[in-house]
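Both of the next two complexes hold chain A, though its partner changes from chain B to chain C.
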Partner chain A sequence: MLEILLDATVRAGTPILFATLGAIINERAGIINLGIEGLMLIGALSGFAATFTSGSLLLGVVAAFVAAFIAGSIHAFITVQLRGNQIVSGLALTMFGIGVTALFGRSVVGQTIDGFERHALPLLSKLPFVGKAFFNQNWLIYFSFLLVGLIWFFFYHTRWGLNLRTVGENPAAADACGIAVNRYRFLAVACGSGIVGIGGAYLSLASTPMWIENMTAGRGWIAVALVIFASWSSVRALFGAYLFGGITAMQLRFQAMGTTVSAHVLQMLPYVFTIVVLVISTIRQQKGASQQPGNLGLPYDREDRK
Partner chain B sequence: MPKLLQLQHIRKTFPGVVALDDVSFSIAEGEIHTLLGENGAGKSTLMNVLTGFYAPDSGSLLLDGQPVRFSSPRDSLALGIGMVHQHFMLVAAHSVLENILVALQGVPLFFPRRQLRSRIEQTIAEFGIELELDTPVWQLSIGAQQWIELIKLLMRDCRLLILDEPTAVLTPQEADKLFQVLQRLKQQGKSIIFISHKMREVMEISDRVTILKKGSSVTTLEAGEFNQNKLATLMIGGDRIPEWQKSLPFSDELVLEIENLAVRNDRGLADLDNFNLQLKKGEILGIAGIAGNGQKALAEALTGLTKVESGRVLANGEDITRSCARSSYIAGIAHIPEDRKAIGIAPDLSLDENLILKNFRAKRFRHGVFQSRSAIRNNAIEKVDQFAIKAGPQGSPVRLLSGGNIQKVIIARELSEQPTVLVALYPTRGLDIGSAEYVHKVIAEGAGNGMSTILISEDLDELYKICDRIAVIFRGRLIGYADPTSSSREEIGLMMSGEVSA
Partner chain C sequence: MKKLLTFLAALALLTAGCTNEQKPVEPAAKATAQPATEKQIKAGFIYVGPVGDAGWTWSHDQGRIEMEKAAYVTPSTYIESVPEGAESARVINGLVQKGHNLIFTTSFGYMDATLDVASKNKDVIFMHCSGYKSAENVGTYFGRMYEPRYLSGIIAGKMTKANSIGYVAAFPIPEVIRGINAFTLGVRSVNPQAVVKVVWTQTWFDPGVERDAADSLLDVGADVLTMHQDAPATLQAAEARNAYVIGYNSDNRKFAPNAFLTAPIWNWGSIYSKTAEEVQNGTWKTAQIWSGMKEDLVQLAPLSEKIPAAVKQLVEEKRKAIVAGSLHPFTGPLNDQTGKETVAAGVTLDDSALLGMNWFVEGVQGTIPQ
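Up next, the complex of A and B:
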């Protein structure tokens, strides 16, 4: 019973995990991206369409990354090059994503593909309790584990990661060290968006191998909140995403068991939890030293007089 | 000596302001070249042009006789020009190590942390500084942060080092150490641009001095050609300096007592810790200390802008510890804040409105619930005249005034209700000599009328000139009092570093 719940937790948490990781990369560079929901949809549709036409799941994932990378570049161009308002640009990106995927998704509505299937990893999947839940999954989930580690390593053990963190904390200091601030910011937004796109593709290639209009159902917004909960750390994002995955899995389980509580109330739970988590993590961060990148949300203009 | 860098007719404007008009001078190899000028003369702007932060509107830069053009700090760094900015370029949330690492050149993508670490430790030891590499920068004193900036610069292979007011946050002893380092660099053939407005230092260290005034270079003098008086005259040119006299001895009556005051900042660290202070009627009490040792918390606690954790503040025997800013004002405490544009004025409101920000409720400024525009206007006319404010067109936002005039607006407003205590936080910082003298004059005249002043400053010369007593603050504690007529700068310097208590 618990094993099944844990398995469902990982499956429900993975798309949010990808989206949160992508958003963390954005925000570490100092750019707020509220376009996550739209980027996920763009990733979901392009991933599905690519796999549907080519038959290759790998190609689907690549297409999702590329499409979201391009869409994210719009946000990057507006916020980095033009120093526009990050909130407005991000919201516009979400609406753009919803609209454009609804429009171009019509032709593939009702089509199906062969989605990602389980591949038990040798030895690891035999571990007691966690083996089945974590290591008898599909390749996309294994990739998300890898990504958590890679991003952590990138931030804390590579020069580029250190540069990127400096750009997000204090772009003027980065500039004074000869770091190309705008280039770092642009690439962080675009690549982060690409990873968000893979999160969307997980929905249409693994969760339910088909395209449904607006199939993200607010997961992008949960990811935006999770970034704060995870205090901009990829490792804590893993826990945060699975927490939400767990609640989703649990409410589905309750419904299956036939509780008397209305299904609508149960479906609300993950979103209610988002609010609770936001309140708690905001209070926590006000008390201690905040982990938030110092210049989050602020455009950088070298000639601005302080 | 061959010329390393030449600047020719540099001009830089910002919307509505000519920051640099026409600046020309040159820097030779292996010299310490001081840039002297009042605040607002364009020193920092010029240095930002040299380091590629600002693109000049016109004029040219020649490096080794070849014209160069910097489109970003990256370009100037590549040619060996490095700088310690007045506002530190540090990441507060990162460790000392990370802050230095990010500035090093040629660090590979996967950096060998241990090896780099020992290289940095070696450099730090070479200069005899104590720095814990894993501490986050925000926990360090401003003085320590200054050293990090210096280490960053020294570990790069720079031919020209620019230091923008590096001694402002150092004790006299630390400043001496810095000068030794600079002399050593000079012997290695490096060129240094040194910016300061402390005459004593300028005389001690400079090979040549270039004077900037209102965005233009006035002249360059060789060592031996200048003395303190000559430099000061050149700096202010024909500006008139107001005259004032120090007030009579103050009385023994206590107007303000601070007992065991403790204040924590928003990071939970102690800004003030068991702080005691006594202020007498008509006294000008200076607070000396290196920036960041609790001065701001002291001013904010006295004016009700921050929450006091424990301890008491008594004004004329009345406990005002837990009062808000407005009741502090009523208790007779006026405040000249540190950041005049951020909290001293409402930048977009007019001069008239800014002058009544505190007493707009007074009967004479209103008709019932409505404002009395004529009374407010008359008040402004009176203050402009009394405090010699150079006001712009009527109704224009007050932020368009110069720093000196904004400070006069604040002073006029704060003094308008005859306060018993004035808390002034760095009131002359960033002002030209004329305006600074004016501030001193107002404080001295106020003292003559029985007003007591707490003057918080990092400029010992200012404190020596105007104060009756000097209290020294270090890490949020009162180290002791000093008498400006009998204590030496060295004694006060040692107290500022917490080493000796008087």
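Up next, the complex of A and C:
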């Protein structure tokens, strides 16, 4: 039973994981992105439409990344180049995403595709307990594992990653070091958005292979909260996303087994966790030990030195 | 302070954005003076979800399209994703202002807003779906979905090998509970050993959670699934695991070509066309319509070839009996979950008991959250 639960946890957590990873890249560069929900929808629709027309799942994932990359570039242009308000631009991006996918999704509503199938990895899937849950999944899930590692490596073991973190921490200092602040920020927002788009495509290509308007159903907002939960770390994002996914999976299975644990209590848990983590991270911030990028949410203008 | 203001402005924009997501389908040539001799019907529809939901709202939109076939109906307008509650009054009023003379509000939460707008516009006729309040110019309509649910239960009871059937349910409200009970009574009428396991998703529309709920029922051994949800995710779950599935809302078998058995479905077109006709010839009177299979408002989608001929025949017999009025799913003796007899033999629950149903019949495994 535990194996089944863990398996369901991974499947439910993955779309949120992609979205959280994308959001972390945004915020590490100092840009808040509240457009996650809209970007996920854009990714879900473009991924589905590309797979539907071409028959290729890989092409679907690429299309999801590219479409969300382009949509994210709008946010990047407004917040980086024009130094606009990040909150407003992000919310506008979510509205744009909801509207534009509803409009262009009409033609593929009710269409079906063959989604991602389980693909057991040799040897690894034979591992006791974790083997089935983690290594008898689909390729998109394996890609999410890889991405967690890659992002961690990028941030802490490459010069570009160091530069990116500096840009988010103190853009003026980065600028003085000769780092192209705007270029880093723009690319971080666009690439991060692309990864968010893959999270949407997970829903329309793997979880429920279909397109329905608004099919993300608020997962983007959970990702926004999870970024803080994960304190801007890709590895902690993995745990955060699985915690959310696990609680959903658990409460449904408790019901199916006929236990009497209140569904309301279980459904409340993820949000209670979020509040607890927000409280803890706020206390840590007051003690000066926060992981939050120093210049998060602030536009950078070279001419405007304080 | 300035930041706070911008944030508030953004929030206001967001809420406005949600409600303004309307894509009115305006008549191509509007305001060309109609001949006054024949009354033209200009109908407006308020939808709770997007037409693209492939479920509830989609089925209403099919009904709207059906209604438009009549010559006296001018192209109608619909507004999607209108939030329930007081806010909807503004949207309904907007339709009145644009000259619509027949307005359908297609979700329970529009009830008070519909009555409110109706009280100020006596010359417009309103039809509210699934509510219980009516007025001189406001009628209500809903379908006895429990009738085809009962029939689909017979099929599930015959098709299950594990005697374990899963039901993915949305919210614990009488409409959903009634469906679960009718389905279970159908199951038990042919297979007294089978149990119906219920999982609540607490959402009408979240494909991911619906899929997970369906998977959780398959995990505990259910081999036939059914659902009361707006998205077809349950169908895909059954297809992926070689189980059987009974859909809902509309005939969405293409999501599960092998697993699909049948689906209790809505046929709103029948009531929309009839209402338009009555309004056109002036015979419309307010009423609280609760129609069933007899009036063709609810149906059972064509049965899969996987169902044995004998079962098909049994279902057809029961269908005829329901249409003729000789069979009512909620005729006693009925036991509750604990096995206690709650409806005596020969007694049939009346409509008010059905509309307020808040208990499970024997054979349902699950609890109703209080």
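Here, the second predicted complex is superposed on the first by the 271 of 306 C-alpha atoms of A that agree within 3 Å, B and C clash if a C-alpha of one lies under 4 Å from a C-alpha of the other, contacts with A are read in each partner's own complex, and residues count from 1 in each chain.
The definition used in the following text is that a contact is a pair of C-beta atoms (placed from the backbone, for glycine too) under 8 Å apart; a residue touches a chain by one contact, two chains touch by 3 or more.
Fair warning: this is a prediction, and the values are worked out from it, not measured in the lab.
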item	value
Fit or clash between chain C and chain B when superposed on chain A	fit
First (chain B), second (chain C), both or neither touched by A:160	first
First (chain B), second (chain C), both or neither touched by A:130	neither
Chain B versus chain C as contact partner of A:169, first or second or both or neither	first
Touching partner for A:179 - first (chain B), second (chain C), both, neither	first
Residues of chain A touched, compared between chain B and chain C (which is higher)	C
Which superposed partner A:210 touches (first chain B, second chain C, both, neither)	second
Contacts of A:265 with chain B and chain C, given as first, second, both or neither	neither
Which superposed partner A:275 touches (first chain B, second chain C, both, neither)	neither
Which of chain B and chain C A:256 touches, first, second, both or neither	second
Nearest Cα pair across chain B and chain C, whole Å	13
Chain A residues contacted in one complex by chain B, in the other by chain C	none
Interface residues, chain A side, partner chain C - complex	4, 8, 11-12, 15, 85, 87-88, 91-92, 94-95, 98-99, 102-103, 105-106, 109-110, 112, 203, 207-215, 217-219, 248-249, 252-253, 255-258, 260, 262-264, 267
Parts of chain A lying in touch with chain B, wherever the complex brings them together	157-160, 162-163, 165-166, 169-170, 172-180, 287-289, 291, 294, 302-303, 305-306
In the complex, chain B residues that touch chain A	14, 51, 53-55, 72-74, 77-78, 83, 85, 87, 89-94, 98, 101-103, 107-111, 113, 136, 138, 152, 267-268
In the complex, chain C residues that touch chain A	6-7, 9-11, 13-14, 17-18, 21, 23, 49-54, 58, 166, 197-203, 205-213, 215-217, 219-220, 222, 231-233, 236, 252, 254-255, 365-367, 369
